[in-house]
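Both complexes below contain chain A, partnered by chain B and then by chain C.
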Partner chain A sequence: MTRPGANTRPTGPAGTPAPDDSGKPETPETPEATAQGTPVPGPAPAGPAGAVPPGTAPPAAGRTAGARARPGRKRGRGDWYAYLFVAPSLFGVLAFLLLPMVVVFVLSFFHWELLSEPTFAGVDNYRRLAGDAEAWRSVWVTVLYVLLCIPLQTVLALALALLLDRRVRGVRIYRALFVVPWMATPIVLGLVWTWIFDPRDGALNRALALVGVHGPEWLSDPSWALPAVALVSVWQNTGYNMLFFLAGLQGVPKELHDAAATDGATASQRFWRITLPLLNPTMFFVMVTNLIGAFQVFDTVFVMTEGGPSGSTAVINFTIFQTAFRAFDFGYASTLSMLLFALIFAVTLAQVRFFGKRTTYDLG
Partner chain B sequence: MKHFPRIRWAGALLGAALLALTGCGDGDGGGGGGQDGKVALTYRLWDEQQKAGYEKVIANFEKANPGIDVSIELLPWDQYWTKLTADAVAGTAPDVFWMAPSQFPEYVTKGVLADVAPAKIDASKYHQTVVQTFTYEGKLYGVPKDWGIVGLFYNKDLFKKAGVEMPDKLTWKPDGSGTFLETARKLTVDAKGKHPGESGFDPASVKTYGFASWNHYQTQWMNWVASNGGKLLDKPFGKYAFNDDASVQALQFGVDLVNKHHVSPPATQTNPPSDKINDMFKAGQVAMFPANNALLPFVAPELSFELGIAPMPEGPAGRAVNLNGLAEAVYAKSDHPAEAMKLAAYLGSAEAQKVMADGGYVFPALDGLAQGYVDYWKTKKVDVEPFLEQSRGTTFALPVTTGFTAFETKLVQIFNEMYLGKITPKQAADQAVTTGNATVK
Partner chain C sequence: MTKRLLLHVVLAVGAFVSLFPYLLVVLTAFKSQGQLNTTAPWVPGLPPTTANLTRFLSGDFPRYILNTLVMTAVLTAGQLVFTTFAAYAFARLRFRGREVLFWLYVATMMVPSAVTMIPLFLIMRELDLVNTWYGLLAPYVLGTPYGIFLMRQFLRTLPSGLEEAARIDGAGPLTILVRILLPLCRPALGTLAIITVISSWNSFLWPLIVTSGEGTRVITVAIATLKGGIGTDYNLMMAGGLIALLPMLVVFVFCQKYIVRSVALTGLK
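Here is the complex of A and B:
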């Protein structure tokens, strides 16, 4: 095992239907091909295509993986145009991701109330952060939100994928249906769910009343508001994550299952000992992207609760928004952003280490 | 190998699209000289209904000033302030733009707004609450544009159905006496046809509510506070003061309407950010609903019942209603200060404000033109005279002080708890005043 980073390339984007295909999910590789024992199962990132960072894969990457992986292709001549093709994305990454990060880092050392001149603050903002109970509370709320979302939406997605990973009539329709929520924008979702959560006229409490349950006042009860917002995320993301798990399941060689079954392994043993370990690359991708997404949640909170009631849904991104665009305190908002960055960085690093030790790509 | 060429095309297309997208970003921003030596000005606003009126106004202005070319920019409310702030930082704010009371202190204290003395308007001819709102250290920082005032919207059909006449004068007192609560009780009906106060009345099964009391500062509790003799601010650009006894009593009344008298829907349904109360009124589930007249163009066309307007209830200290003025602000760093000032002056003129009044868009800030607005709404079968009548009495502006934008979200959260009955009005007011004063600079 060399550098974890190099080995833990997620199967994600390269092996799954790209987002624009999601309406009609296809299995990327035919089952027969895997059954023949192809050394590297189709969906695994075999070549340069795997180097595309997760989430930025061009729509057609799935189909190129095989073509580009041809052995013996000479580097050098003609490679310049590769950079030409990468240039627009590279420009985007530099101008809209890396540059703003540097700017935010620098700004976190300044006092800047937008309309007045920025003045150097040294570590003032960081000192203020250390004693800012509201900021730390929003970190805690964010962590709670992550803990509510991630386990649930991951387990549900995997369960769905296992259910839909078979040849039954209309399976493609089901697969597509589960991805529909992912295509809606969070603002619209937030609005629709606000109606559903309405304590008196909302669909949810009406449905609960039918079975004799008096539903809570979802969005105005401090103990229910955060779970309610998290539920929307789970509802939105489960189907999309299921797609990755479906693709990952295609990469689990059938003969391993056959052999294990012959040796008397039960279905649950096969799941825990074969399927799950071989899904590690997919799991890694799903966990990393979902955790980052959950730590950065904003839209649904903004629409559904504005951080209330009593700050029970004031996640850190909402606090950053308040500080920057309501209080116009850009210096301190930058400091809060650095805190969020550090949190995400630490969590992601931990995952890289965790999965790095447990992930095998080469079944040969 | 077969697929390769397709990929190249996809990449090239993607690249082209990206370049085109990023290229577009340089298009706008930065006013400057227009074509044929004309001076190009930008005029920014947030109301899409009023934009139609201002297109006429601007056409007239351009006819009279052939050397000036004005383009109108429309941005929705939320984006409006984010973009305006960003533009002010970048030094590229529009030459003339709308200014609201709650945002005014932030912009004027940071030097974004120009003193409009060069526009040479006669401030005494405009509604004085508006003039005072946009006055800072003795100078006027915006040409008064219009005012909107809170009035009592009511559903005439529900009154008829309940056999209730709207009294000539609604009155309220903290102890619950007065014609207002009495009327609201008669209009509140539960599933069995019972009213609040009758035996067997079930607050959980109310079908129509007499009144909408909810956590909205501009149309609700600030009006209770002012008409009970409470104080919002100690002085303009000063500190918050609405935790005095009179204010707390008034807040208690607003909360009692919901939790004690049951004439208003529970806060679980009406608390912001939900704006469900608007829908409840439109759907005929609420009989009386205080709202700003600026809401008329948005609400009136959608109603399936006859809309009435009444003056707000009078409190122990008389009637005091929120009057919200807007101003045409001139950017202090405009490239064309003379022309921008000229435009602002024109927007404040009788000619321009008459167009906006006669089109039924707004009550103009300039005195003597309101009849056009009243006449317009008469053709729509809405009698808006009560708004006008109230504007001649005691009116108050929103608390104008720095930091309000930062305070607003917290204020709403604290008062949400109060309307839910989880904290007392005294606790809520103390918390809010302390939090608010920490944001005042």
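Here is the complex of A and C:
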């Protein structure tokens, strides 16, 4: 049986801290560990030593302690060529990630309509932002979008993973099919879903008509346009998220469930008390990456609604784009970018706090 | 028994929902305008017509497809090469400032790409690189912090005895990397390649901003222009969609396991 993590596991946990690797059902800590454990001197039991291939045991075990002191000294100056290896990517990071961050910050204090010279504006742009109802509406639209898609695509993904995390026939086929939406080009997807949401001939309203429901105008209806766009995100991301939960679930030791069941815990108790807490790291990763993505949504909005009808889908990234490339107001667009940055930063920080507080059970 | 059946029904519905939009693309792409109006969207038009595809491919679109292929190939090659070098240095070599630099990389993983779009455009404009291949490719060809992070994690899991032996035999760092470590990195490289291929092929906002001429237009930007205009020509849109989606579907069929493995590479198990 192949599992998502299976391929890396044999060579696996030697280098990574991986505390969650310890309770793996397939690595019974008994025979190999003890057979190998004898010659290893001090701090051996720290990691799940059972996974280290027998032949390489001595160097691997001594690595963390010994390597730092020993070979580095011999090579004197250190590995000068390391700088050569890092240089191209470092240039990329500096020129295309850090410099732009500095530029956008500085420009947020300038007036610049691109044709004229930039002029220092102090906090003018920020003052304008404070009173800009349109900007705040786009923040609200973005938050609404996030609230529409994130819970759904997380819960659905977890539910699917729970369904697949058992001996079902064709798990691998289902798993593959669920991931197919993830690789679709968002721009194309936007067009396809525009066609599905077409009020007259679209598949959705045609299907609804079959059961006697008169569907709404979807993308041209201010109250339905945003949920429709959010649905595309749910469709695209649920399957890929499911992969993460599935991998996470396979790290939940079965013995825990068995023990809890013997003690009379119901299935839902076991889910809330065992499965969910142990999925904490996975949940954290999925939530952080999905939220960062959702706050920057652009492609589907651009192609499906262009922010309309009447601004009901004008998410902040779209507003930034319009301010910069339609109105050529690069100074104010930079200020809006800083707002988006602050938003994402705050939400990510909040999650670090939230997930950091919760206990992860280290089953050593 | 019924429980099992129910499970399969639920999973089958999920799979159907996942595939339905693709099905719709295929069906619509092969329908004539008349068939589109007379048949339900989920019913195939008979006889199927290739008129939409030929209409789509007769314009400038082959050129945009070629542009996209070039962009995808260059970005993927760049990502693999530069990421591997940097990740190798961070994972297996010792040099001054290694930890600081690595944390700098990790920190920049937090920078949302949407925030850097405007300054990046302005930087490219200053350098006169707007609407050139350099402008299109430069920001992403040198390897992404995320890719370097993944590769570093993977390289650290390889036993260190590997290089020690080769080093004693007098192998230089390049030889060690290419001859010894790279062959072991194949799974991680495969995953990184797939992720980069997909994200390059699908990229839209940066190409939209930085290119305007035909010479560097990519397929996503070209397809976005199909909407708008008078009326919506769904036949043509879906024909274009089919052609844009097809390469990724082929990639998926052949490289599914690498995508599944991308999950394990993040270090979350």
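To be clear about the criterion, the second predicted complex is superposed on the first by the 269 of 364 C-alpha atoms of A that agree within 3 Å, B and C clash if a C-alpha of one lies under 4 Å from a C-alpha of the other, contacts with A are read in each partner's own complex, and residues count from 1 in each chain.
Rule of thumb we're sticking to: a residue touches a chain if its C-beta (ideal position, glycine included) is under 8 Å from a C-beta of that chain, and two chains touch if they have at least 3 such contacts.
Because the structure is a prediction, the values reported are computed rather than measured.
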Contacts of A:R167 with chain B and chain C, given as first, second, both or neither: neither
Chain B versus chain C as contact partner of A:T305, first or second or both or neither: first
Contacts of A:L115 with chain B and chain C, given as first, second, both or neither: first
Which of chain B and chain C A:H214 touches, first, second, both or neither: neither
First (chain B), second (chain C), both or neither touched by A:F325: both
Contacts of A:G92 with chain B and chain C, given as first, second, both or neither: both
Touched partner set for A:T194, first chain B, second chain C, both or neither: both
Larger contact residue set on chain A - chain B or chain C: C
Shared chain A contacts, counted only where both chain B and chain C touch the same residue: 59-60, 63, 67, 85, 88-89, 91-92, 95, 194, 198, 201, 303, 325
Residues of chain A touching chain C in the complex: 2, 4-9, 11-16, 18, 20-21, 52-53, 56, 59-60, 63, 67, 71-72, 75, 78-83, 85-86, 88-93, 95-104, 107, 160, 163-164, 168-169, 174-189, 191-196, 198, 201-203, 206, 235, 239, 243-244, 247-248, 250-251, 281-282, 285, 292, 295-296, 298-299, 302-303, 317, 320-321, 324-325, 330, 333-334, 337-338, 340-341, 344-345, 348
Interfacial residue positions of chain A with respect to chain B in the complex: 58-60, 63-64, 67, 84-85, 87-89, 91-92, 95, 114-116, 194, 198-201, 217, 219-220, 303-311, 322, 325-329
Touch list for chain C against partner chain A, complex: 7-8, 10-11, 14-15, 17-22, 24-25, 28, 36-37, 40-42, 82-83, 85-86, 88-90, 93-96, 98, 101, 104-105, 108, 110-123, 138-143, 145, 148, 153-154, 156-161, 164, 167, 173, 184, 187, 198, 201-202, 204-205, 209, 220, 223-224, 226-227, 232, 234, 237-238, 240-241, 244-245, 248-249, 251-252, 256-257, 259-261, 263-269
In the complex, chain B residues that touch chain A: 1, 3-4, 6-8, 10-12, 14-15, 18-19, 22, 82, 85, 88-89, 106-107, 110-112, 266-269, 271-274, 276, 403, 405-406, 408-409, 412-413, 416-417, 420, 439
